């Protein structure tokens, strides 16, 4: 199905419901779908499970969702930063659940969900606290941990440009989690700078095929 | 290390030794590194294990390697075709070992090798002859088979163009197994139509980063 | 979901393909297997906006290429030269099968040797002694799509039903088939119940007598 | 591999970074961790032809960006704006960590809290009660590269060795470190043997006395 084209970020996230699991793209500010996160803030959905590399920074975006206690659980690799005060406070108050995952396992678990893989053995984290309680196995003399896929109801992704089929291209290191998150969500909501007519993206350079994209919103941009 | 640039296909494959395991790209004729396979034929290496989607067609390339009994084992998804007579004969004579793998598991096993994954649970093949003797597991009510990575000493890959750093782009459905095979081999040998100066490929559209490429040979081409 | 219908004559291949094409939802992402299913593409309408996937790394596959459009780098799973439609994209084999295995395709249409009433599919191997096995993408296609439909003749040359209680041929995928199109009838499979949606050149009663399984009749 | 050397003074941070940079083989693909290791890039020469990887999806990373070159879409793992060199490429996060985990990087340089004589690394978590844990790419980096080198101070503020018999901090990766650069000495680790390649502002004998493990001296 060709993606729904929303006219505002608010319209794009309108279907996100309480208790939803949401993959949110971005690494630092690069690739963060800021406007979609703000719209998620405004739409009121709560008891969310969020998967993001971090746990919010300063007083914006995901940090505000956490400040307002709208996130009951976060799955991430690097929650603690110099400006993660809202997460820190919620965590110390026992008001947010944290599942800490090594960054590469996080990425591979998201990829596995989109790829229909039921689980995989990864060497990352073997012998560490983060493998505690997980199945391990020594294969050809090397230790591995069994990790499971991370799928979600929604993904919020930022890309550079889409065509009306939903094919996406990204820009530089803003690509990061976007392609694997779009594929791992039941419904991928993508903000782009602009939407071009189908046929205007070279099929060789499409990074995310339109099959993975459910909702598009064009928000302009600096590039 | 920047890739070695060979001047002929023969020079490109000169290090391939007896008993080597070799990933060979291509699906049908698209993406088949014909000239590298011919050079492999000429170089005399024997007792090879070959991983390819098919088991050779007609009287060319891989089919000739099989005809000459240079391949002791083939791992593939679709050996039997209307023109796979050399494989058929070798197989019926018990002179080639066949490991038959569903195509998606073949691709994912090759990808796993390049990605450092020790094994993965795939739903493909569950409950079939091709899962016999393999570990299985029911995860969330769905059956999965544990599959292991397929790595190799060498990969023979065809791409459209390289830069001198070894970055590659492909053309249409000739991309197929190339990117995952280059990543899964200790030494990836790539034939391209042409090699351009570094900086002439857009970093956004590179499909195989140069880190995966060990040897390049430019052979011209029709495109 | 559809009311029972019947026609005097059995369906020919084009009629079957036309019905399958009409059943594909607008905007669907579809993989058509080699053989009879490929013919379905000839009956898809532009208005349907269906996007075709080919396992060898492409979405947005167009019709078979002819003449100057033939490009050896642009082929389908059957290794036939094809064309590219606007909105197409290319990807490598692991990504292509991830797309399939991950449940992103809406419909996959396949040929079959046998289907069981539980939706088990056999289409890759006769199991005959001496046969050289080849599986290709069959097992991935069978279990990957949201819906797997089969097109096949309902009876073998010796008149036995290919819709069976339990497979006698080697399995391709378990419980994966949800609809079967044959020259004599169209079946919906769900939770072990086989519902006949239509019959063609045969009455429901006659069909029920010839098949070794219980049949329900669409309302 | 190198003969034992010694200098009068301890190394400062730039001297350490310079030595690490000189040890990186020509043409290597390298990931430099956040903190001290990042400084190594300032001492790599153009002739070395080293390619830098950043975990957030790039090969061919250039120096830190300044002024008009700052681009919010182009940052390193420390979220600092950087630049792009000719021959660069971008890829998504799963591909980036596949590159790392798959053993394609030649060298990874990391900071550390502790390293054991077996090469076990602790650098992600103090284990202190109430500390909020954060791991990022540390565990992937530790075990992914062909060679993992550590840069750290050899002693804690209270004078205890950070090169230990067994880690007291939580593990990042087991048996992964093959070389340690400190202000006082450089160590090669292999199969449980710790060889001192050089000492700086301390004699081998004094060092051997202060560290809780057996030391070999480079020939």
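Per-chain numbering from 1; labels A, B, C and D assigned in written order.
Assume a residue touches a chain if its C-beta (ideal position, glycine included) is under 8 Å from a C-beta of that chain, and two chains touch if they have at least 3 such contacts.
Fair warning: this is a prediction, and the values are worked out from it, not measured in the lab.
The minimum number of touch steps separating subunit C from subunit D is 2. Of the two chain pairs considered here, B-D and A-D, the higher C-beta contact count falls to A-D. Spacing of subunit A relative to subunit C, judged by their CA centroids, is 35 angstrom. Measuring from the averaged C-alpha position of subunit A to that of subunit D gives a distance of 29 Å. Chain centres here are Cα averages; for subunit A and subunit B they lie 33 Å apart. Looking at subunit C, residues 58, 84, 90-91, 97-98, 100-101, 144 sit in touch with two or more other chains. Residue numbers of subunit B whose C-beta contacts span two or more other chains: 108, 111, 115-117, 122-123, 170-172, 203-204.
All chain pairs that touch, listed by label, are A-B, A-C, A-D, B-C, B-D.
Here subunit B touches subunit A in the complex through residues 108, 112, 115-123, 137, 139-140, 142, 144, 148, 169-172, 202-205, going by the rule given at the top. Only residues 26-29, 49, 51, 53, 58-60, 84, 86-91, 97-105, 144 of subunit C touch subunit A when the two sit together in their complex. Put simply, subunit A touches subunit C in their complex at residues 1-2, 111, 113-117, 163-165, 167, 183, 198-199, 203-204, 206, 209-212.
By the touch rule above, subunit D contacts subunit A in their complex via residues 54-58, 71-75, 79, 84, 90-94, 96-98, 100-101, 125, 130, 132-140, 143-144, 170-174.
Those residues of subunit B that touch subunit C in the complex are listed here as 27-31, 77-81, 87-88, 91-92, 100-105, 107-108, 110-111, 122-130, 143, 170-180, 207, 223.
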